[in-house]
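So that you can tell them apart, the chains are marked A, B, C, D and E in the order they are listed, and the count of residues begins at 1 in each.
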Amino acid sequence: MVLGKVVGTVVSTRKEEALTGLKLLIVRELDTELKAKSSFVVAVDAVGAGRGEVVLYASGSSARLTDVTRDKPVDAVIMGIVDTLEIEGKELYQKRKSR
Amino acid sequence: MVLGKVVGTVVSTRKEEALTGLKLLIVRELDTELKAKSSFVVAVDAVGAGRGEVVLYASGSSARLTDVTRDKPVDAVIMGIVDTLEIEGKELYQKRKSR
Amino acid sequence: MVLGKVVGTVVSTRKEEALTGLKLLIVRELDTELKAKSSFVVAVDAVGAGRGEVVLYASGSSARLTDVTRDKPVDAVIMGIVDTLEIEGKELYQKRKSR
Amino acid sequence: MVLGKVVGTVVSTRKEEALTGLKLLIVRELDTELKAKSSFVVAVDAVGAGRGEVVLYASGSSARLTDVTRDKPVDAVIMGIVDTLEIEGKELYQKRKSR
Amino acid sequence: MVLGKVVGTVVSTRKEEALTGLKLLIVRELDTELKAKSSFVVAVDAVGAGRGEVVLYASGSSARLTDVTRDKPVDAVIMGIVDTLEIEGKELYQKRKSR
């Protein structure tokens, strides 16, 4: 899986019918310093991710193994929202708690 | 999925029989500023995309999960035409309405 | 799929048995100007491609969906020979007709 | 497979249900000198790997073929802990024995 | 498939059980001049390849379609040993005959 940050959304009306109702998010890949790289993907949201959140996404055939993406022509899915991230013993990221 | 722009077409007469009738489009990958990158793919069109349109395409085995590509030897498919694109709160792209 | 140009052949005697009889071609990836890039793959030929021809090849599991590659351990297949290539309204390539 | 080094962990509470209980590790890719590259993945741990260990991970659909990852939306799995690594006749790495 | 050269071996005792008995080789990717690139993979050997040999390896799900790798969590397999390599009409490589 790859760490990414949700930065935007895509709206598509004319699309393969199986995609109806799926939320399409623009996700920028993050480096180990949590800086956004230039590369990005459009991923289906399977977990209710919101803008600015750090997420995990899976690619390829594995992206079809969530409830919302099963057997659909999608190759990237957000399957987890990151709470904490620890690298080399340091907590690099902690999701702000919603109040 | 990846954002791309349709820039051309490929015609191939001598091909695997299962590909007969499929429309093969040349799609350049777009960056987050919607500038065309140098990389491109040849993707099967599953949604009636036209030249100049911004599209979403899926790669790998997922590219075989549309009605037109099922069980065929293709690894990229255009499965959505983009209407609007919003990044960091700004509308970066809006498809012109056809009159 | 990716556009490539057939530049050579590979001969392998000691190989997985399922590969017996397959033609293995060296294919260089082409850019949108039809110049050969440095990257290349070895692809199974499913359509009778010859040296110098511009071809389309598919990668990954899709490469196993031609008659000659079904269920075999190959990850790249030439599934079409390109006749014409049109980019941004210009015909960039036209296959010479055989006489 | 790719050689990597375990450098950290990811905690995700809100995630696809099938992922419950899986250990998510941050793995940096290693070069042939065993230096960590900048690229990294988040991989599910199938073998009890610990921080600092040199591991092998598999990507794509193959990542779903371990007992802990079967049919789950994950695209990278650590499936081996490296004991020794020999390149060009030199032993480049030997795992320290636990006492 | 990709051309590579076998440069070393990996030993892993603690691994997914399905991998028991498989030979894990370090394979450097070759360019069209047959120079080793910096990129490498760890591939399962399905054909009895030895150090220094030029080989073909397949990646992804196709890597599981040899007798020794079927249904196992591996994503790269050596499925052929190269005898000769011809590019642009020149024989670039010929395997030395064993005496």
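Convention: a contact is a pair of C-beta atoms (placed from the backbone, for glycine too) under 8 Å apart; a residue touches a chain by one contact, two chains touch by 3 or more.
As the structure is a computational prediction, the values presented were derived from the model and not from experiment.
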Between chain B and chain C, centroid-to-centroid distance (C-alpha), Å: 21
Length of the line joining the C-alpha centres of chain B and chain D, rounded to whole Å: 34
Multi-chain contact sites of chain B, meaning residues that touch two or more partners: 60-61, 63-64
Pairwise touch network: line, ring, star, complete, or other: ring
Chain ring listed from chain A, with chain D in second place: A, D, E, C, B
Chain E-touching residues of chain D, taken from the complex the two chains share: 1-3, 31-32, 46-48, 56, 58-67, 69, 77, 79-89, 92
Residues on chain D engaged by chain A in the complex (per definition of touch): 7-16, 18-19, 24, 26, 28, 38, 40-43, 51, 60-61, 63-64, 71-76
